[in-house]
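What follows is subunit A paired twice: with subunit B in the first complex and subunit C in the second.
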Partner chain A sequence: MSVILSVENVTKKFGRKHVLDGVNFELPAGRIVGLLGPNGAGKTTILNTIMNIYRLNSGTIRICGEPNGYKSKRLISYLPDANHLFEWMSVRDALHYFTDMFPDFDIVRAKELCTLLEIDEKSRTQTLSRGELERVLIMLTFSRKVRLYLLDEPLGGIDPLSRKKIIKTIFSQLDSESTILISTHLVKDVETLLDDVLFLNDGKVIFADSGDNIREIRGQSIEDCYMEVFENV
Partner chain B sequence: MFKLLKWDLINFIKKYCLLLLGILAANILFELFVIGSFSLGFSFEYLYPPIYNRIWTHLLIFAVALLSMSSWLHKSSAPLIASIYSRPWKIIVSKLIVAVITSTSIFFLSEIIIQIACLITNQPNKIIHYGSIPMVNFSSILLYSTVAIFSFVFAKSFYLTRKSPIISAGIIYFAVRRIFAVLDWMIVYSAQIMPEIAIIIPFTALLFVSGCILYKYRFQIN
Partner chain C sequence: MPVIRGIKMKYNPTAPIYLQIIECLKKDIVTGSLAPGARLDSVRALSDRFEVNLNTMQRACSELEKLGAINTQRGIGSFVTEDKKIITSLQNEMSDDLVSSFISGMQDLGYSDKSVVELINKALKR
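Coming up: the complex of A and B.
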């Protein structure tokens, strides 16, 4: 199985504080992986270092074997935890922007997802509710055909109906060539989605296993395992 | 490249339309009531235009160049900018074109509006008009926009200057401008060579390349 993302000894400091402290993990192709941890564990920082928004203090990140740089960006589609679209944009503007800026953006798929997720193309992104905006961002993220999807808190503050639609969309997107990394602290919401989990605390990976092992060998749900691991930290 | 430029222009206009109109109006008022006769204060040190004129024109070019780079100032749109896979020189050149077009348009439109106003009010136009903007003035806009963009990339690249990037960029802009003035004096004024060829184009190219390298290693490679 080919490795999509490889993170080796990654360290990131803000001032004197170690936000990431020697993080190591590899993500194979065709998996949905949960990056789980409490607030302030370093989940968003990892995603931002993968995206080169933050500069590493040490360590290496490779995407499909390529060192992390502008060339590797064509392999990643990123959904941040807040609205990253320009404030004046309507959904239609965003569709045009993505069509122009990302050659892997599939406009047909985007239109299908707009229908599926009940998105009004005329609406301005600034006027959308949290749930509506999240559906727009999910639509844009998954209309790109890439190897690695990074989702930062994709279900935070979303109503159950929208959550169901979003989970369905995430499931439908996965193929054997790509991998989805979901960062969240809402373990229960993503439990059914995950093939593998990484638990992160104080900038360190403290636990990594497959969902199957947790369920079958440990006889726990991912949420129970999460509670157990973090209660003992 | 053209798509990048297209969206940089659209974003710039949509975001700062009112602010740009305000800058244009302020420039017209400044030229009419403060200067009284129009001269390109930013051009070269040896022209010695009034100090307030030089400060104003530098401020205008600096502000426009910084606004063209404003996506980086907004933390919210950083993930979108960071997702784009484009070579550093394309990203910088796109921002530079936006800045140069805008600054040139503001100066040019100011001139046109002042001329029309003078015609309507039947007053003599004391203001020296651009006609077609002379090469030396256009290259000055290009030079100082490049200095401003380089200053901003530099300010955003290092921990100490990143804390207050606009003030840091302003200080760097002033320092680079002084270096340019000294070189200009040494090379052009003493040897009587055409300033565009002797110093403006090489200095602009050097800053542009430095900005691209800095951008690549500070923002695109981990």
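Coming up: the complex of A and C.
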């Protein structure tokens, strides 16, 4: 099975603070992986280093064997935790913008997702509710055909109905060629979604396993396991 | 198209999800709501219906295939077995599980075999 993402001994310091402190993991193709941990664990920082937004202090990150950098970005579709669209844009403008920006942007898929997620193309991003905006961002992220999807807290602050639609969209996206990495602290909501989990605490991966192993061998839900692991750090 | 009961699956988060799907599909096969020889939806459509990850659904299907409950023909699709023996043995297995878990539950409550039978007869007459 081919490796989509490999993160080796990555450290990142802000001033003297080690935000990432020797992070190691590898993601094979065709998986949905949860990056779980409390606030301040370093989840967003990892995603930002994978995207080469932050420069590493040490270590290496490879995407499909390619070191991360300007070029590797074409392999990644990234959903940041804050709105990155211009406020004046309508959904339709955003579609045009993404078509211009990304050669892999699939407008047919985008239209499909608009229907699925009940997005009105005419609406302006400024006037959208939090849930609607997140659905638009999910639609844009998944309309690109890439090897690695990075989603930073796609479910935080979203109503249950929108959350369900978003989770369904994530399911429908998975194929054997690509991998989806989702950072969240809403462990319960992603219980049936995830193949594998990585628990991150204080800039370190403290636990990694598959959801089925947690349920089958430990007899726990992912949430129970999360509680146990984090209560004992 | 076969009809899988339109119920919403409520998953028990402490048990492997693929096993829970297998149980659900086995039930459909045993009760005939998935008739012998019926064609199963694609793995992707099933994963959509069960609201699970594609890998989980794939695993459930390949386990069912190992049990002989379904047969996959490459490029055509998966079909429910037409072998009555397999279906009957699935049914026996499932009823054995139910009965033995019931009996052990009753024994834990301190009932004798005789009073278990009496209670069942009484309940059935109701």
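The rule we apply is simple: the second predicted complex is superposed on the first by the 233 of 233 C-alpha atoms of A that agree within 3 Å, B and C clash if a C-alpha of one lies under 4 Å from a C-alpha of the other, contacts with A are read in each partner's own complex, and residues count from 1 in each chain.
Throughout what follows, contacts are C-beta pairs under 8 Å (C-beta built on N, C-alpha and C of every residue); 3 or more make two chains touch, one makes a residue touch a chain.
Model, not experiment: these values are computed from the prediction.
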Side-by-side fit of subunit B and subunit C on subunit A, or clash: fit
From subunit A, separation angle of subunit B and subunit C (C-alpha centres, steps of 10 degrees): 160
Partner chain in contact with A:P80 - subunit B first, subunit C second, else both or neither: first
Partner chain(s) touched by A:S172 [first = subunit B, second = subunit C, both, neither]: second
Between subunit B and subunit C, more extensive residue contact with subunit A: B
Touching partner for A:Q126 - first (subunit B), second (subunit C), both, neither: neither
First (subunit B), second (subunit C), both or neither touched by A:R31: second
Contacts of A:D224 with subunit B and subunit C, given as first, second, both or neither: second
First (subunit B), second (subunit C), both or neither touched by A:L194: second
Which of subunit B and subunit C A:E216 touches, first, second, both or neither: second
Minimum Cα separation, subunit C to subunit B, after superposition on A (Å): 27
Doubly contacted subunit A residues - partners subunit C and subunit B: none
Residue numbers on subunit B that touch subunit A, as the complex places them: 3-4, 6-7, 11, 14-15, 71, 76-80, 82-88, 216, 218-222
In the complex with subunit C, residue positions of subunit A that touch it: 30-32, 167-168, 171-172, 174-175, 191-195, 211-212, 215-216, 219-224
Subunit A-touching residues of subunit C, taken from the complex the two chains share: 11, 13-18, 44, 47-48, 51-56, 59
In the complex with subunit B, residue positions of subunit A that touch it: 48-49, 51-53, 55-56, 60-61, 67-74, 76-78, 80, 82-88, 97, 100-102
